[in-house]
Amino acid sequence: MTVSSCNAKAEAVEEKKISNNLIMALGIVVPLIGIYLASTNSLFAFLGGIAIIFATLWGANGVRTVAKYGIGTGVPSVGMVALGAAVAAVVVGIYFASKTVLLAPVLALIFALLTGLLIGLSARYILKMNIPVMVRSMTEICGAGSLLILAHVTTITGSFDLLHLKSLSETGIVLLVFIIGALSILHPYNACLGADERQGRTLKLSLATGSAQVILAGIASLYFIGLPGMLTLLFGALAWFVTYSMFVRTSFEEGIVMNTGLIPEVEHK
Amino acid sequence: MDPITIILGLIIAGILIVIGVHLIPVGGAPAAMAMATGVGTGTVQLATGAGLTGLVSAGYMYHFANVPISYVLLSGAVGSMLMLGITMLVGNVVYIFGVGVPPVSAKVKFDPITKYRQDIYVSPGTEGHGIPTVSYVSGIIGAFLGGVGGALTYVLLNELGISSAISAFIAIGFFLANAVLAAYNIAGTIEGFHDPKFKRLPRAIVSSLIVSGFIAIILVFATSGGVAL
Amino acid sequence: MIDVNTGLGLVALMGAAATIAGAAEDLESDIGSQSNPNSQVQLAPQVGVLHRIFNKAISGEPPAYAFYSSIAATVAWILMNVNFNIIAAFAIGAFVASIFHGIYASTAYIGRLASQRRYGQPIYLDVIYNHLPPIMAHGFVATFCILGLSYILWHYFEHPFPFVMLAFIWGITVGAIGSSTGDVHYGSEREYQNKPFGAGLNAALSGKIVTKAEIGTRSSIDNAWFCAKFGGPATGITFGLIVFLDNWRTLVFDQFMAIVVGFVIVALLIVANWLLEVWARKNYGPYPEKLAMLEGGA
């Protein structure tokens, strides 16, 4: 009885599926606006936090789309490749735009999308992986990775020009950006993996991991922009509290929650 | 160094990494339950662990004055080989003394190096376990190539005039992108160069050629300062 | 540069820190059930085996440890720059990292088990409350030691990579080692303790993990007790040896000899592995079932 009601619930939920196009649009526009606004004044740096959250949402949705097919190497490798390929794109974008700095995020995004497209095409047609969404998802994930890195750079240092990228790299904090970005993109699907995985819940978790990153970006920005970093930290903490509670509440509604107890007997044992 | 050499060098580095990853024996999740030959972890994870340990050694060597580039590359290779060699050795210790199984391959009947009989030592219902000599040697060679590839990326980026921290950052990303391409080609488990899956290597080399080539070209164009918008 | 004697002491200290870090890392991943052995915990409800074991699917161990180490190193770095005491900075950094560790561990457990509703697997709240503190504590120890050895390498040996980057790299390495060595003990032996010693897991038995303890139900904290006897120390020795040998050869020998010594060590490792293989084959012998099959076929 429980099984059938579960299936019915899953189907009802399936109808409400958020389209990938909508998430992609949100994942490109909101981070770009956030990055530009955050770079205007260090007081607005916390707006980069919004960019971080939405870029994570986009990336996590891409990971979910491609990892559902079971690629044989686990979910983490998808998240790692996203950021790994985006690294070069971001550096290239920022170097290219050394005269007109404002172009940097767009250029970085374009280069990341191209790199992702190449990875997706070679995985699909040269390595002959039988995953139809491979090309699109890889492109999306790499694009999200580049926006995520840029949003972090902007939130932490208050700007996205070459000078600030260099100072972020010299301290090594860029590696923090790299790994928290990768983990936040891959964690939502990895943590919700299972037969009853559902897009809405996974994406709620991606909002939570995105906000957790904002807290960390706030901590790191205390070193670069000083007190305005506290704004980022507070904003991140607030967003994290709201989204984390959202995720936990949804999971508790959908799962079987017990305070404690022995293992229940299963009928088909 | 002139830009063309650097582009070619980066492509070679990418290909070295891809070949290296194919040579490292990984059993993925099944190996953690002694159900498959190889190290019980994922392809990307193990290769990255070895490659980055090599990068630390190479970076340390590179900062000495007047050191030949070959020393830096070999230093990266040695760091990588040490990491993988010790990990595989202790992995075997755990298989032999913790689980009580001899290291054995299920893909071949006789070990190509030691000529030992394999199939009767495979415990029932599994596809081999542990790291036999042939896989061990294959892994060491793989770590050597991966270490050289990672160190070469780092050295070339430094030669481009990028600071050592950004170079290492890009080298890590470059390593990961290539390792994941190789892992997609392997799809789970590989025992080393004697594994039938090793014949798929050319495909991974071609895809690495395309991806590393693209990254190398845009990197060199952007940083050589010729084009600035 | 520092003189060789001080350097040797520092390298030994790095090795000791690495040993503790490796052991703590492996035990933490056993309590949380992370990485590859967790595939069996994940599979268990599907084959009708419900359990009270933690399911810490944050990600693979290498990215996860790189994550904790980078957070800790960043916090410590910022504190060091305002002239904070270094040890205290490490402790605060590792504490912040362990908080994030706990957050991600809780979402992994809740998320994975909520996705197993159709098999009737409950989310036990007391499992979360009981397991998070030991997970975070072991993570704290491992992260603290990684920060220590990265700091020695960066500050005393003047490594050109920034401090945070070294912590990141050693985090990836310790995760790769932990999931390659110690986790095998957890996956092959502890999860299938009721199966006879001396065989790999038969593929037909996948997912049928042990869920009963000596008294009552098995919790993942019991797994640390078991794995601390072999898997944990083995992981620690691996990481300690890697850190010690790699830095020792560059410290004691000049640049060319350091490479030669590295190759010699690798050659010795190959021989040691071969001897181990020969020992195991001689003492364990072939499997009787396989020999019987062979004779039946011939």
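The first chain written gets the first letter, and so on, giving A, B and C; residue counts start at 1 in each chain.
Definition applied: contacts are C-beta pairs under 8 Å (C-beta built on N, C-alpha and C of every residue); 3 or more make two chains touch, one makes a residue touch a chain.
Because the structure is a prediction, the values reported are computed rather than measured.
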Item to complete: If you tally contacting C-beta pairs, which comes out ahead, B-C or A-C? Let me know.
Response: B-C
Worksheet item: Centre-to-centre on C-alpha atoms, which chain is most distant from chain B?
Response: A
Worksheet item: Hey, how far is the Cα centre of chain A from the one of chain C, in Å?
Response: 26
Worksheet entry | Rounded Å distance, chain B centre to chain C centre (Cα mean) | 20
Fill in: Residue numbers of chain B (touch at least two other chains)
28-29, 42, 45, 48, 165, 169, 172
Discussion item. Which positions in chain C are in touch with at least two other chains?
Written reply: 60, 63, 161-162, 165-166
Practice prompt. Could you tell me which residues belong to chain A and also touch two or more other chains?
Written response: 74, 76, 80, 169-170, 172, 175, 178
Worksheet entry | chain C residues within the chain B interface of the complex | 35-37, 39-40, 60-63, 153, 157-162, 165-166, 169, 172-173, 175-177, 179-189, 191-192, 197-206, 230-231, 234-235, 237-238, 241-242, 245-246, 249-250, 255-256, 258-259, 262-263, 265-266, 269-270, 272-274, 276-277, 279-281, 284, 286-287, 289-291, 294
Practice prompt. Over in the complex, which chain A residues touch chain B? Could you list them?
Written response: 71-74, 76-78, 80-81, 83-89, 91-93, 95-100, 103, 107, 111, 114-115, 118-119, 122-123, 126-129, 165-166, 169-170, 172, 174-175, 178
Worksheet, complete the sentence: Touching chain C in the complex, chain B uses residues 28-35, 39-42, 45-46, 48-50, 52-53, 55-57, 59-64, 67, 71, 74-75, 78-79, 81-83, 85-103, 114, 116-117, 119-127, 129-133, 136-137, 140, 164-165, 168-169, 172
Worksheet item: In the complex formed with chain A, which residues of chain B make contact?
Response: 28-29, 42-45, 48, 162-163, 165-166, 169-170, 172-177, 180-181, 183-188, 203-204, 206-207, 210-211, 214-215, 218-219, 221-223, 227-229
Response to the item:
Interface with chain C, chain A side, in the complex: residues 2-3, 6-7, 74-76, 79-80, 169-173, 175-176, 178-180, 182-183, 186-188, 190-198, 201-202, 205, 208-209, 212, 216, 219-220, 222-223, 244, 247-248, 251-252, 254-264, 266, 268-269
